[in-house]
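Across the two complexes that follow, chain A remains constant while its partner is chain B and subsequently chain C.
Up next, the complex of A and B:
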């Protein structure tokens, strides 16, 4: 079960190693998914390419966009002064990933590439219309996160590609995000269901201009609930409408039954959490408007 | 696989050793260096008994490859204080009877240290959250919380 270990000092050398070893290689970021999977015998890479010496991938840049390097840790997201306001949903997603030991090393890039349907930061990024950039021997390509995610543990990433950044547009005024998670206990728990939302209201803070709702742990990939988004857009988001959005979101998901919860219970959670997470966005927008 | 020559700085001392590429730091600490204060249990990041400080941060040494630790500072429970020179956290754990079987305690103390270093005046709720990655099978959580709160009271004025 052993492997050969590499620690390239640059992005280009990391990509060159991945190109040389193809699907026999795996990148190692925080290791909180990869090492567990290797120990369980689920993965047996012949080459492990650690990224901890690669510079420049751990920065958070806010200019015309927000750009997160793939090696930004959950801890760094939680603490970033950029995300305490309109982007609060990102902090809420990052905050519930494992305990401090996991968040100190676990990365955004690992959360995305691991492609667990229960990943907690991914739904918030989906609600923010994020796109991911991969670098391979032939150059860079950028694709919407939603397209990038293919199935449990599966993405569009080619084995020789390094995920370098994830980027999303800046949120304008009258916008907010929020995230909620249901687990079997309060801390250190994989999501039974998690939901993220973003809402933008018109200038008079009356009608919903744009809505995004993303659901985790209810389908093979993190899922956008489009019908629920559409029912909100252009309308006055009263409590009754939020409940309708919840019902539509519950209809959009295809949850499994497993040791954590039954499929029906997961649907019920979606129906309950979606109106709540939307209401939280509305509260935040109104607070900011005051 | 070929063993890797590694140079690791642990508790301020540099050790030259050979390790398998897949060996976690935990294994090197316990089997090669005899630093058995760091405990071993789930090996999946769930319980925190293997917690060490990596450049001042609490991390699970069961999920960290020894090879990844070169050029970084590792502190284990042995580096915090010995029988004659207890760290204030170790003292308050003794005073509050926070130790039952003791298995979780090295990890608890190091996780608490990393947290207090950054947040010298925490609330009880914040300490609970900071220790959520550490399980105590003897379930002595309340006394552990009391001990960490007391240590915060001792440490804060020393900063």
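Up next, the complex of A and C:
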């Protein structure tokens, strides 16, 4: 394997290189997916465009929105003081990606464009209604994360486009997020199933105003379980209702059987984990309310 | 009164610690020589196929490629252990996906990879056998159609795809089962698992102008590799020098020739040093993993819990070559008997060929698989009789002076103490402390493997001591234990001992780092050498001090008689001036363990030398909805005879348990139609620290009559009981018994759903 290595000093030059080489080029962020795929012979880019010298892509900005630069690492997400409260699910997703070494270098942008259906941060971002921004030779475009994800390893990103930021709206009061994952071991694990949820309750902390449920490793892409969300909205989220949401989510997914688990087991895990992750959101909202 | 011990039995830092924690130790994988080439192995892609053609012409034209070799380039010899069925490269046909077909040497690792891709091999697929049942079915294709022509040790029982059937026959099993009030029949299965050593197998070979080849290898058995290379290269062993630098773990996976032969052959062909290192994929598809098994047990028991007879069969899926299979199948029968007094036994161990990778030895070979079955069934029996599983065991275990399954006399038996202390520590009186929470116990026994050890011990002119041993330190701390024995005996400190090890050219013979024997055997050889050196020292000191040798003793680096003393350093210098220096050759071979030869057939390992006994207890919780198992506490009470260094004995226990928990809960090499579908460390799941609780070790010490200071082998045993202990605790927690390893979350959930629809 051999490739030409580029270190552009700016976003525009990075995009210019990508435009020049098209599908023969790959962007290098943390490299925790790209390098592995090159080593395994699954990818053989002629040009590798490193983003390490590009300034400004590793910032977390919180104003009217939360904006994550594509090069924000999983470690940075875990450690960020912004995400310890309502956004706790983001920390929970980030802190179970690979091991410490992977989290120190692996990036949110990379996790998204790698488009693994088992990505751990992506379901949390979906639950947060995140949108991604890509910059190409023709300028910027922003699209919902859900639309951006097309299939395993496939996104709407064009080869000459660079994913620059992920953005999601601030959570109001009476909101919380949570993330849960099942695997064969307790660390260094690719999810057999992962689930993320966001819930917002009304002012009286009784009824669910808004719910988001996202599922990982049970379909070609991370996906929203809309029927399960709808059954919650406007209702009092009692345990029975959470279980119904779990059953609806299990019906919404289309898992495969592979060496990690059977499709039947994956479905059962969704049915179990969705009520749990919702219950965790409710606990968090009530804790914050106290 | 015995003198107080100064060095042995103390938790001293190991002699190789500094180099390893500072990263200074050179491992085989680090080894580089000027002009060195990189070797890679082309591996077969069919489970069973005739090789129609190998065409390397294109590969040889690629830049940097120096040589391509295949079966045509090597002598047509078959090598192996008890059964010689292996070849360096596939000849005429391939027998598993991953079998070496050719090897290349190139200037860079990438060039070697490119060359592999450019070799064209045409296969003509043949019907294959993928598991034991398929291999034993009537009319099954033969993995080795010419099996009868292979040379083997004569005692093996072989037939078609069976490369050994070992038996223990004691008493009359029909009568034993007829005498029982209840007879229990169960079937258990286990999967193939890898040793999981950190450093892949690696070797660097270089030939000199005199036609001698030197190989730096991370092997556990340098002298065995020397002999195997002699067969492969058709050279006398003296032309082959094996050196062992640091080893990043072995656990039995580095006993047999791994990549040394490829390095040596490629180096000979190219005239350049060659390094070969395996990849993770090669490790998981073409190494020497632990065999998957099927175990069938039929056990008779009286109403009050006395075992009357046991009929058992264990089938090892040994892969395309016998490897350790014939021996492992033999050892297994002793484990099937269990550490129990059962008057009537009919136990069989089968090693069966299939079209899979060649399985080998893995820390207590056969122990975990057979013990999982035996100890799971003990709990099933206890439940059925309404007995406490601990009581059922205590009613049947072997005690001091009892007979082993093949009639050996058992001494130094600490099993009852192990069981009682493990049970006490885990809080056995409260076996189900909460919903979906349970405790399990399992016990077993194991051998301290024999084989001889030699050491040269030299006293240096500064009074320090050089210990020269053919054994390799594979990370267990065993040579620290042996050095502690030597230091104790010579009245020096552990830090006074300098270790030279594992160089077939200059170190004395050692049977190798296998079978929990290194500290035991090398320690005893050190005792012998120390006794000789005492004689030499006392003879010199006697003249020097004018005191009879009988009146002398060794104390604090001196020979002492009343108020008179002379240092070891002075005596060493004196000897160098007058007698060629102080040196001794100490040797040890474990005495044979008598057994009843009429009770065994085709048995390679009929008795356990200086056996150790152990009990494991675990407290865990199961999430009944997700199947997730969380271990809360894990206790091991192991009869180690005498702990030469408690720290490293505990280290062995902790590591053995971690590895055993892997097999219990998560690890398996998964084959589908003869191909491994998880050949990477992403999907081959070894446990992480988060999967394990702190492991609590209780060192029980019922001394062995033979071991140094009463020590027994400690390295392998802790790997035996974890699957059974975990299975029993899971059953206690959820009321459902999983009879196949690994006990995955999915199996638990599915079993629970079947139980409660």
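Note that in this section the second predicted complex is superposed on the first by the 290 of 290 C-alpha atoms of A that agree within 3 Å, B and C clash if a C-alpha of one lies under 4 Å from a C-alpha of the other, contacts with A are read in each partner's own complex, and residues count from 1 in each chain.
Throughout what follows, contacts are C-beta pairs under 8 Å (C-beta built on N, C-alpha and C of every residue); 3 or more make two chains touch, one makes a residue touch a chain.
Values in this document were obtained by computation on a predicted structure and should not be read as measured data.
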Contacts of A:238 with chain B and chain C, given as first, second, both or neither: neither
More chain A residues in contact - chain B or chain C: B
Partner chain in contact with A:272 - chain B first, chain C second, else both or neither: second
Partner chain in contact with A:260 - chain B first, chain C second, else both or neither: second
Which superposed partner A:188 touches (first chain B, second chain C, both, neither): both
Chain B/chain C common contact set on chain A: 1-2, 186-188
Interface residues, chain A side, partner chain B - complex: 1-5, 7, 28, 30-32, 35-36, 38-39, 48, 50, 52, 75, 98-102, 104-105, 186-188
Complex contact set, residues of chain B against chain A: 1-2, 4, 20-22, 24, 43-46, 48, 51, 54, 57-60, 62-65, 67-68, 111, 114-115, 129-134
Partner chain C, residues of chain A touching it in the complex: 1-2, 182, 184-190, 259-262, 264-265, 268-269, 272-273
Sites on chain C touched by chain A in the complex: 110, 625-626, 628, 665-666, 670, 677-678, 682-683, 685, 687-691, 744-746, 749-750, 753
